[in-house]
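The following pair of complexes shares a single chain, chain A, combined with chain B in the former and chain C in the latter.
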Partner chain A sequence: MKKIYAKPEYCMACRLCEIACFVKHSKSKKIIKAFREERGEFQARIIVEQSGPVSFALQCRHCEDAGCIEACLTGAMTRNPDGAVVCDENKCVGCWSCIMVCPYGVINHDRRRKKIAAKCDLCPDKNTPACVEACPNEALVYE
Partner chain B sequence: MNKKIKNRRHKSLKHSGGGRIGKPGESSVKYLIVGAGPAAIAAIEAIRKRDKRGAITIVSSEKEVFYSRPLISYLLADDIGEENLFYRGEDFISANAPLRIIAGAPASSINPRDKTAAIAYGRVLKWEKLIIASGGVPIVPPAILGAKNLRTFTTIEDARRLDADIKSGAKRAVVVGGGFIGLKCAEALVKRGVSVTLVELAMHVLPSLLDDVSAGIFQKNLERHGVSVRTLSSVEKIYDGGKKLKLSGGEVIETDIIISAVGVRPNVSFLEGSLIRMGKGVIVGDDMRSSADGVFAAGDAADVPEFFSGARRAVPIWPVARQTGAIAGENAAGGAARAAGALTMNSIEVFGLAVISAGSVNPSPDSGTAFLDGAAVETADGLADLPDGTPRYKKLVFDGGGRLAGFIMLGDVERAGIYTELIKNRASVAAFKRDLAGDSFGFICVGEENWKKRIMPLEV
Partner chain C sequence: MRHKQNLVEFKIIRDRERCIQCEVCARQCAFEAHIFDADAREMESVDALCAGCQRCVSLCPTRALTVIKNPQEFRPDSYWTKNVLQGIYKQADTGGVLLSGMGTDKIYKSYWDRILLDASQVTNPSIDPLREPMELRTYLGAKPEKIELRSVGKTRKPRLAVKLAPQLRLETPIMFSAMSYGAISYNTITALARAAAKSGTFWNTGEGGFPKALYEYAPHTIVQVASGRFGVHSGYLNAASAVEIKIGQGAKPGIGGHLPGEKVSRLISETRMIPEGSDAISPAPHHDIYSIEDLAQLIGALKEATRYEKPISVKIAAVHNAAAIASGIVRAGADIVAIDGFRGGTGAAPTRIRDNVGIPIELALASVDERLRKEGIRHRASIVAGGGIRNSADVVKAIALGADAVYIATSALVAVGCHMCQKCYTGKCNWGIATQNDYLVKRLNPDIASERLSNLLKAWSREIKEMLGGMGIDAIESLRGNRLRLRAVDMTDTEMTILGIKPAGESL
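Here is the complex of A and B:
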């Protein structure tokens, strides 16, 4: 299974990946509209981690031994046939058990329709995930 | 409440034994599982990873199988319908064939020597491996026992009954017990227009999850939403068949219904006389084997090794049910898996206020908690409101070895799992304690040697 990896030595913490992810998962898919109308209701599913001069972008690792799937009270969090860990928005009730156990802290809230957990879905309708595409310095790779 | 589930229920009932398992000794299965909750489901999934063909039979006292208990409060609140209550759907049964479900038929006794189980209607099943995943039953304090309007809140049937109470005019409820079941029940009742009094024996609600400060905030939020909270209180006496009750402080409350939510205990009465070694539940090792050959136990029914002390006790939470169920299943199918100690952790949101708590959150030098090693405990607290006015609180508890032993996050729970993982790893975090406690803590705080291998591409 292809995953997104980070290369901290190339990351400039420009956060364009966060913006691309946010826009990709917005309703309008338009940057200005998305920020004006949906900001606060949900967040990017990628986080730029920074400590002094070191930085990297982090999103769901689609763990083989995924604690979020085990902790999920509803069965919303599952592994799809190609290996990605995905959250079924219809089943999720927002109990945050997945947030309680995700070792990377990369599951957050989405309050747009009802309160549910949101995480990287590897942009299933794109060949290359939006964050990887947006990175100007190839600090994110999809391989 | 939604009635759509009727169909599904009948469909799953079709899988019940019918007449095929009739006479004693006639039927024999490789795996018999008592229960159809998350521990049982995890066991089935684990068995099938190793053994694609061995026949599995499930017996369940409830008619509905594979549903999620925590969702009954969402059902009662009308947030979801019965069709959304199921943790696994119909396809689960065919995907794990040969899997037979005998629903609505409780196991009544077990004989580990003959390897048989008696179930309802005088049927007897022979098994090679038995997994006890019968969950818990609600505890009812003696003072309210016998009340005509007494309810509990752990099953789909309990939720239907409360729904019926409300539909036939119940306006007032007393919830006895301020643990997470009591609180989720109170929230659902309030959403349905019922006025609720919550009675809690301890100093504050969620006594094992929260400390004084966070519980104070939590309680204020409950009261803001109309719940009357009575702490350091218990029900002393009931009158009029439960229509009136007297609290320990002398207060008399009138009510239409009483809900007992003081906790659950392992549901193992059917094991009496089986000679399987019992504490409060079935005592198992980290391989989920009981004292009897071929008999395993998991989930709320088992006394499992606890995370810090290794002592056997019930840790009745969902993730532990899944984890121990998977180990029981794998080992029943010939594996040699061992579970890490069961770590207490909870995530709960009531009236929009979320809290996540894990590990030891109320340490005291005399708490006798084994991991403290007599050393001083440091905490890092923070209290500040979020921009939208939601109160926020964070507490980290470190043990004498500089290891994270517990935490509470209230209001803002994002990234809580980073802490949970640090507790599980038992590594010293002394070097980055301050970063961890800070507001902008993140995965990068766990140290380069830890994050590097998890995020970077493998070089060839």
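Here is the complex of A and C:
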């Protein structure tokens, strides 16, 4: 299965990946409109972790032994045939069990509709995830 | 605080309609020209801190930023221009020498732009490089005076009887000129080394030493022995393909170098063999070279140290007496003479030196080639021209004026992201090139940069082949010193005489 990998040696913490992820998962998919109208309602599903000069972008690792799938009360969190861990937003009730067990802290609330656990979905409708496409320094690779 | 007379150089225009307060600009600007005002939830810009490097403009995801030259002028005066006044104000403020990075930006006549190339029509066929072989391979080093052959074995096969001097084999007549690790970042030299190896040409360590981790690129490396002798040891000399003695640099002839201690990190200190955090000062002259005879001794010593297996190059800045000096260099035993024109770049130079010392490479190159030919010693050394080579046409013109190959550095840095803001000396290069700052060096990914450099060399090589083909020439060797294929426009008779070319419109 293809995953997104971060290269901390080339990550410059510009956070363009976060912006691209936010826009990709927004309603309008238009950067200015999305930021104007939806900022604060939900977060990007990728986070740039930074400590001093070291930084890298982190998103769902689609763990083989995914705690979030086990912890999910309603069976919303499942592994799709490609191997990616995805959240069925129709089944999710917002109990936040997945958020508690995720060792990477990469699942967050989406407050737009009802309570939804939002996480990296590897942009299923794109060949390359939006964050990887947006990285100006190839510090994110999809392979 | 006293009142400042200076005008700010740049104006940052932020389109508030487009700005999404994502703070990318603030995170990318090492000069701290952008700040986020958390109370107002708005981005703010400080024009006075802007270096005009365009990093924020190029990374802004909504294209909300424009950086322009500040249109504010002093009272118009064609002699006491804005630049002149700014310089005086700055010096009156600080009492310091004005510093600049990169090559001079002053308006001097560009001879490249006044030279035109020939092409074949009717009487001699032009060649299509996509259909026919076209040779760009170049060998640098001393060539034998004449070829002697001897016959070997029963079949009496001819074999070369003269022993050839060591040569550098270039697949394209373009090399990366000296930029030291220290002046530029580790990632940048890695990219240069990789690209040189991939393209079959050479990169030059400058006087910054040769980091051990890059020894895998040694077959494509020229190492430098400069006045500070940083990082020079027998392993260094023997690892490389050629050794270059740096006498001078086009951007600052007659001036030494100074790498401030704060840039001397652990790896740089190891590579340069100096204590961590100490200033690396290269004296203006080599203190053991005060004459051509002294130079001959150093060339001899380096040849001895490398068992006569590597060509020795001597690099000088293009100065008034370049031709005579080059003649001395060749007679002192150098295999390659590198000449660096006054438009050559630098990490730091006093502005007045950068802008006023040296001569154009076109004139220096032509006069050196002419002098060596007249003295019958042109074959004893190859000529490499550098300092302001901007494109493949400049390369072709340089070769027709007598160069064997060219050195490029500014063009190479531009290829990897440099926007010529001339602030290299601050160590705050936002493009991750001329800096040792841990936050900034990561911005240059050597995988991307080396690919871009290889692309540049590939593109220029293709264009050179097209131009050669147009002239009906199928090997770059046939163009070398072939000034009959050049014509001048907008030049004086004296300039044309020095360049050895005819005015446009005059036939053979």
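Everything that follows uses one rule, which is that the second predicted complex is superposed on the first by the 143 of 143 C-alpha atoms of A that agree within 3 Å, B and C clash if a C-alpha of one lies under 4 Å from a C-alpha of the other, contacts with A are read in each partner's own complex, and residues count from 1 in each chain.
Here is the rule we go by: a contact is a pair of C-beta atoms (placed from the backbone, for glycine too) under 8 Å apart; a residue touches a chain by one contact, two chains touch by 3 or more.
Keep in mind it's a predicted model, so treat the numbers as computed, not measured.
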item	value
Greater residue coverage of chain A in the superposed arrangement, chain B or chain C	B
Touched partner set for A:13, first chain B, second chain C, both or neither	second
On chain A, positions contacted by chain B and by chain C	none
Residues of chain A touching chain B in the complex	5-8, 47, 49-51, 54-56, 58, 61, 67, 70-71, 73-75, 90-91, 93-109, 141, 143
Touching residues on chain A, where the partner in the complex is chain C	9-16, 19-20, 31-32, 35-36, 39, 52-53, 134, 136-139
Residues of chain B touching chain A in the complex	42, 68, 70-71, 74, 79-80, 84, 86-88, 318-319, 322-323, 326, 345-349, 354, 356, 358, 413-418, 420-421, 435, 442-445, 448, 451-452, 454-457
Interfacial residue positions of chain C with respect to chain A in the complex	17-18, 20-24, 27-28, 59, 61-62, 432, 438-440, 442-443, 445, 447-448
